[in-house]
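In structure tokens below, several structures.
Note that subunit A is present in both complexes that follow, paired respectively with subunit B and with subunit C.
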Partner chain A sequence: MSNSKLYKGSLSTIILKLLSKEDKMYGYEITQRVKELTKGELKITEGALYPALHKLEADGLLEVEMQKVDNRLRKYYKLTQKGTTETVSKLEELERFMETMNGLMNPKPSLG
Partner chain B sequence: MKKVTSLQIERLFQFTDQHFVDYYDVQLELVDHLANAIEEQWQENPDKDFETALQEEFKKFGVFGFLEVVEARQAAMQKRYHQLMWKEAKEFLKLPKVVILATAFLVSFTLITQITYGVYILIGILLCLVILFSLRFYKNNKEIKRLRKQSKQKPYLLETLLNHTGQFGAFLNLPIQLLVLITKEVEINIWIGIIYGLLLTGVTLVFYITLFLLPRKRDEILQEAYPELKMQTL
Partner chain C sequence: MIKLGQEELEFIDNYLKNSGVEYIDVRLEMLDHVASAVEAKMKEKQTDFYETFKAYMVMNKKELLKQTDSFAKESLKKVLQMVGKNLFHPLSLVITAAVVIITVVLFDFLKQHLILFSLGLFFLEFVAIVLITKTYKKQKYLHLQKLVSIIMSFDYIMHMYVLEREIPYYEWILALFILINISFFLSLYQLFNEYKKQFDLV
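Moving on, here comes the complex of A and B:
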């Protein structure tokens, strides 16, 4: 994935977060949405996205739905009940991580 | 907006085929992805040649091409297969099926620990079972080949796992090997009886599930995993 390895560990969280805002999304749509939201700063590579989606599906966090679009079948992913719960805890985990990193990068000057 | 034609969709299936994507479910997803990406390129440059756009998109998958996607899908489906196996196995830990397991264990245990030449009787019984399982394996394979000849498309990944017992077929002669070992090198006592009893019962159960129970539920399992199959039967 991406232009930075730093994002790699957060790919599942990014996918879950995007899906929590939409009813369902397909693979290509996810890559485009991330590109759009980050103004091109973060590009999810195809070789990272699909393995992550398949893993989340195998873990029961995502379910799939097929739809015929134009002349082909499209696979949509949506959150399961378990996936919705997991999204909340993953986001909390990410927030804690960001706070910790922030504390490390910008330590508050201590008094005395 | 310029769209990918049906003929070009066929070319995309062929392209994934040429790049070692042997499963229809993986092909479906990749074909849609490539088609979307090519159409996106055409938005900016409608005159761009289809093949050039395709090669550009393929490069984005990295040096390993579609391999990472295929491997991840295999891992995910193996997990699903093991979950299906476990679901069936759990039924054997409940009444009434647990009686069958308990009987199989007691027979193995008694033959190993209590009866002179019991191990050889057990080898005979297991040999019959292995022959039965092998015949079933052969029959399943024949049926798969027949179905494959009828179909133009690649098989689904989970279908392949169901057809090939999720790789467990390679261990078909394991029960016999275990028992041959006991006749040569192991001193028989109660613990050996318990361990062998559990092991043989477990291995036999695995073969029964993978060779008989799961293939019987094939259509139901595949429709659950691949919603498009339900669409086709509607």
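Moving on, here comes the complex of A and C:
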């Protein structure tokens, strides 16, 4: 992941979220979708993306499907049942984290 | 839309192989990633394949090759999980129970021929592993290779230091050894089928 270490801890959640919106995606497609959604702000490198995908697969959150496309094999990733459940809880966790950070960064002035 | 031809794809594949990415299951995914990125750049910058590929590798080779180590780590986790799960497979339990019964019945005879018995088992395992791994298209597959190296190391240690000696509770240690081995072979069979399903398209 290029620009910031802050994004690093959220990479799995980003992948799970993207896959929850699509039936299946392949590695390069994920990097391009993130780049497009963040208007180039976030660039996921190969060295960060594939270890995260392989870990999610080994943990049983993703399953793979191979397809022959343009004379080569393409490995597609899709959410498993466990992955779908985990996505919901990871997103809730991320939301709580963002609320906490927001509270810390923009504290409301106390009335007392 | 620019699409790379067979010759260009083979060029990338050979380049990755020569860069140390020896396992086909790791390399195929990298090949698709590099090919997709190169196609997109060729379209965007209107450059030829070799020029684009060279520029891509200068920028990304280090990042690209970083994933091989992590894949090996996840592979170890995956195969150990498979073996652990297969310890409780009905087939593992039935065969182990049968072997234990036979061993208990024949134990007095086996005791006199422990080395022969142990070598016989080792030979059978070796033949089975060679047959399974050599039958598949002469390619190296990471999970398969990892599992075979674990089986061979485990069996070697057991034969060298445990099974060839007359030790207390021999039948039970043998039963555990057989159970673990059956679980290994079931995992090998499952992996083989998984690869067959995924890579028969190659």
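One rule holds for everything that comes next: the second predicted complex is superposed on the first by the 112 of 112 C-alpha atoms of A that agree within 3 Å, B and C clash if a C-alpha of one lies under 4 Å from a C-alpha of the other, contacts with A are read in each partner's own complex, and residues count from 1 in each chain.
The criterion applied here is as follows: a residue touches a chain if its C-beta (ideal position, glycine included) is under 8 Å from a C-beta of that chain, and two chains touch if they have at least 3 such contacts.
The structure displayed is predicted, hence computed values, not measured ones.
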Superposition on subunit A - do subunit B and subunit C clash or fit: clash
Does the superposition put A:Met105 against subunit B (first), subunit C (second), both, or neither? neither
Per the contact definition in the header, classify A:His54: touching subunit B only (first), subunit C only (second), both, or neither. both
Using the superposition on chain A as set up above, list the residues of subunit A that contact both subunit B and subunit C. 26-29, 32, 45-48, 50-51, 54-55, 57-58, 64, 66, 68-75
Seen from subunit A, its contact residues with subunit C in the complex are 26-29, 32, 45-48, 50-51, 54-55, 57-58, 64, 66-75
Applying the document's contact rule, which stretches of subunit A touch subunit B when the two form their complex? 26-29, 32, 45-48, 50-52, 54-55, 57-58, 64-66, 68-75
Residues of subunit C defined as touching subunit A within the complex: 3-6, 9, 28-33, 35-37, 40, 60, 62-64, 66-67, 70-71, 74, 77-78, 81, 198-199, 201-202
Where on subunit B does subunit A make contact in their complex? 3-6, 9, 28-29, 31-33, 35-37, 40, 60-62, 64, 68-69, 71-73, 75-77, 79-80, 226-228, 231
